[in-house]
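Chain nomenclature is as follows: A, B, C, D, E and F, assigned in order of appearance, with residue numbering initiated at 1 for each chain independently.
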Amino acid sequence: MSEAITDKYDHKHNDRIMLTAAELFCERDDRVLFANLNLQLQEGQVLQIKGSNGSGKTTLLRILCGINDSYEGDILWYGNPRDKQAEQFLGSLLYIGHRVGVNKVLTPLENLRWSASLQRDVSDAELMTALSRVGLRGFEYSQCFSLSAGQQQRVSLARLLVTGARLWVLDEPFTTLDVSGVALLESMLADHANSGGAVLVTTHHTLSVPDLRILNLDANREERL
Amino acid sequence: MNWTWFHKLGSPKWFYELTSKWLPWLIGAMVIFLAVGVVWALLYIPPDYQQSYTTRILVIHVAVAGTSLAFFPLMAVAGTITLVWRMKLADMVAKNAAPLGAWFSFITLATGSLWGSVMWGTWWEWSDARLVSMLFQFFLLVGVVALRSALEDNDTAARACALLSIVGCINVVIIKYSVEWWNVLHQPSSPLSMSGESANGPEFWVPTVVMIVAVYLFFAVSLILATRNEILQRERKAAWVQELVSKA
Amino acid sequence: MIEAIQFASFSEFLDMGGYGFNVWSVYGLFTVFVAANLISPVMKRKRIVRDLKRRAVVNEQQSN
Amino acid sequence: MSQAASPSTGHAFLATLKRDLVIAYKRKNDMLNPFMFFLIVATLFPIGITPDPERLGEISAGVLWISALLASLLAMDNLYRSDYEDGSLEQLLLCPYPLYYLVLAKNLAHWLVSGLPVVLVSPLIAYMLNLPQEAYLTLFLTLLMGTPVLSLLGSIGVALTVGLGSRGLILAVITLPMSVPVLIAGTLAVQQTLNGAPLLAYLAIMGAMLLTALTLAPLASAAALRISVN
Amino acid sequence: MSEAITDKYDHKHNDRIMLTAAELFCERDDRVLFANLNLQLQEGQVLQIKGSNGSGKTTLLRILCGINDSYEGDILWYGNPRDKQAEQFLGSLLYIGHRVGVNKVLTPLENLRWSASLQRDVSDAELMTALSRVGLRGFEYSQCFSLSAGQQQRVSLARLLVTGARLWVLDEPFTTLDVSGVALLESMLADHANSGGAVLVTTHHTLSVPDLRILNLDANREERL
Amino acid sequence: MSQAASPSTGHAFLATLKRDLVIAYKRKNDMLNPFMFFLIVATLFPIGITPDPERLGEISAGVLWISALLASLLAMDNLYRSDYEDGSLEQLLLCPYPLYYLVLAKNLAHWLVSGLPVVLVSPLIAYMLNLPQEAYLTLFLTLLMGTPVLSLLGSIGVALTVGLGSRGLILAVITLPMSVPVLIAGTLAVQQTLNGAPLLAYLAIMGAMLLTALTLAPLASAAALRISVN
């Protein structure tokens, strides 16, 4: 199946290939999650990772970001080993995991200000705009523990709007969003891809994003068996 | 039984209006008693043959110390009302009583040791039940304040603090008796016992009584003022508050 | 009951029979204590009223 | 509470007890740590205060009790925390049996895992700290009866603070004053035995404390849990 | 809007009305979440509560269950005040919240055994059947921290199969489930309703369950304004 | 680490420092509690050991140091816990700046909030425990230099244990042995001052400890965090 995906790539634009994973192998508790997994992500692409519960989506994302390093295989960033250029890689990466990184005591604004500062310098006006774009106008100064589950998720989505990161890695960002939230996030993904960024996203939803590519971990596994 | 009086009692609006009427009188009385008490104590109490002019400390100490013992019972009663009847007013009083009580306890400790340094030659004495139990009352009150500020939700905080106040009230009593008992068995009764002070005549106890009344009045005024603020804040959406604010 | 004022001179008054530090500390503390616990609720009340007024104005503007 | 003695309440009690013991067993440290903490804190004293055996002997009863108290306090944090975080506490509150018994089951499991080992190792530490021999039995028995009281009291504090982000310290600030009477009774018992007083009177007092705590503290904890989860 | 819903009820079967909420009012941080909210739930019904993020779905469920009691209004259980017959009510209730109540250290089997014991006595064989029905065969003895997010959610769903509870209250039970998991849960809801049980569920999904009734909190709010 | 001194690293350092101070300020107790804990634990000793001022004076230096150590230990729990639980820690690890500085910022904020108040109140408690007057300055200065070391060391322990369900105790078991040298140096300094030895030598030792901890401990903490989050 690795070929199946690789074949679709546009080999003329190799310099636009951001992230490459080659021959990834990961096993947990004696269960092989994936073996021989290859994937490439180009600028301007949205790649959805699908798979049944426990198929290894979260694990794959964490491996690609470098949070988890119990894997075998190569991960390349613009053609060179990712770990050799950690600074550039991390400077272009934004990861939002299952746990979204929102402190409950701080307000949405304070949370966003700190997250942004880890990547670049952002003015408060920009932060406020981002917050109201994700539907948190009026909640900028409430402490986050008093927000609903979906509202907390929205705080983390505001990070997408203020970061300069080119590569977004999102682990189930749709879970608690309502219909308008889902539409908003889909449009954000499309915009990002349009402007040359790339997105890696896991979700069980059926995404409506133009030119969506899908990697199905279950298929990968079945083929292997 | 007719409970209307009880519910009326629980109405913040009723309390606010009632205290509006009483406050001027209370404040007036407080100022008079405080002034008379302080002037009398400072200028007119004759020196004790043994304690010289330091009896002037006692006037303040006794008044503050006595009042400080009222806080835990007050908070426990208010807490019970909060837990059982969910009366908002009781919690507003309890909320403001805790920090004020911590202040009172602290001043008791400070004036006590300022006097102790003269009388006992030491600022602090671990073997005295009254001192130790007052110190722990201070700790517990700070604990209640800390819990209140830690819990973000008003309702949760109210009930959690109510429970802690009740437990704490029992605890202060137990600590006091256990320290007493501990020291009685430990060593011959502490030579530093506070009771049975030199037989003081009226020239001493009259200003003391004046001061006690003054401090109680001050306690009432301060607590009422703080509770009224609390009412304004929590009832800010009520029509009568908005009307009141627009006139202010 | 009220004897005469107990002090002949002001410096004697300050000295309090040698215990000036203790006596005046107690009265100083007491003053701070009383003043703080009266002034702070009064100040707070001012703040609250100002805040509520501002809010009322904002609400009015919004509803118009 | 009408169902108090019905077989299903008992069933839920046992299931909860067993669950908590299994969790502790799986975590392993839960059992080892209070014990290690007790050991380490007790050894801080010879280092920080004095290595002289005679002077150590004089302070050893107090040091042992204070170490036990702190160990018990530190161990408390585990009592309801993970249940709160993963939502099990809501299940507990929405269970049709009286909360009193379930809280009691949790407290019992907790003491078996964190209090009992401390009691069992205390003679060893008493020896290391040079406690006079006559006091061993008293120390052991008072700790045996006193540590459950500490757990039961601590449980109230944890229940009140379980929803807070910053834990540990506020718990200590609430719980330590409540533990002082137990500390006094415990050290007093040891001291008096050294002075030749009969042991029984002190044990009776400890027993009374334990009984009171057993009946009242779980009620307070249950109320506190309801408040915290709200 | 209260009439809108009430009218649909079958007034002949009043004795089949499990749960009634009358004139519920709840406000948090000065924001009125709902006022004048009326709802009835009969045996055999599935009621989905909808609403945008922060509209108060979670709060409503917790109020109905009795976890949260900062509300005004009446809640009846078979026509009588809920709090007067707490034991019967709690004996018939199963609530699964945002936090699903799965201990990470225990295995799925141990978790399920304890949850079940809080309601009734269940044999291990039954528990194992339930676990394999929710797709956890082979994971019965793994500790839960090593399960994926969706698998942990499935552990909580197994409770639905072993409890005797007549009323299920589920807060966003679909979030991390994959397609097969969603289908499974939907069939479980339908079965439960068929056998005379009732379900209160919040989700942003479009549920495919026969005879689904929907309460939209947003509509409620708009009408009020 | 090539970017170490770039303005953006400094920006991230300040932002993190400020964030942690704001969190502490909002929680309020974070600031009050280490202080109260220190006070309360220190009062347990007169009650548990002896109220006799003379004997208290002998043990007071040790008691103060041990209480400070325990207060610092208990306060540690807040350091990375909530960041771990809400996912902020992953953000920190995936940030392009050297983790060393960010960890240092978090440690600094933590000490300012929980260590400094303990140092400031220590003379009062020293008085209540009847510490001989000549030792005040030494005690104060050694605590001022010693508590940051305790924080920095504790940070390693917290970072290692941040992923564990049962906290508190395992942390204590890891951290306390590491803190013993600081305890020894601190109490020794006080003792020696009482015997008339010059203060400066001890301060130099403390200073060396502080410098070493400042350069090495955050590196260890950073590595430990990477391991824990994995």
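Observations
Simple rule for what comes next: a residue touches a chain if its C-beta (ideal position, glycine included) is under 8 Å from a C-beta of that chain, and two chains touch if they have at least 3 such contacts.
The structure displayed is predicted, hence computed values, not measured ones.
Hopping across touching chains, the smallest step count from chain A to chain C is 2. Because chain A and chain E share one sequence, their contact can be compared position by position; here over half of the interface residue numbers appear on both sides.
Of all chain pairs, the one linked by the largest number of contacting C-beta pairs is D-F. One rotation lays the C-alpha atoms of chain D on chain F, and its angle is 180 degrees to the nearest 5. Farthest from chain B in terms of Cα centroid separation is A. Centroids of chain C and chain D (each the mean of its C-alpha atoms) stand 45 Å apart.
Averaging Cα coordinates per chain places chain A and chain E 31 Å apart.
The centroid of the Cα atoms in chain C and the matching centroid in chain F are 37 Å apart.
Residue numbers of chain B whose C-beta contacts span two or more other chains: 136, 139, 142-143, 146, 150, 155, 179, 182, 186. Among the residues of chain F, those touching two or more other chains are numbered 27, 29, 33, 36, 40, 47, 82, 85, 165. Annotation for chain E: residues 70, 98, 104-105 touch two or more other chains.
Of all residues in chain D, those touching chain F in their complex are 27, 29-30, 32-34, 36-37, 40-41, 44-45, 47-50, 55, 58-59, 62-63, 65-66, 69-71, 74-75, 77-78, 82, 85, 164-170, 172-173, 176-177, 180, 183-184, 187. Residues 2-3, 8, 11-12, 15-16, 19, 22-23, 26-27, 82-83, 85-88, 90-97, 229-230 of chain F are the ones that touch chain A when the two sit in their complex.
Only residues 152 of chain B touch chain A when the two sit together in their complex. Put simply, chain A touches chain E in their complex at residues 28-29, 51-58, 98, 135, 139, 142, 146-151, 153-154, 172, 175-182, 204. Across the complex, chain F is touched by residues 122-127, 132, 135-136, 139, 142-143, 146, 149-150, 179, 182-183, 186 of chain B.
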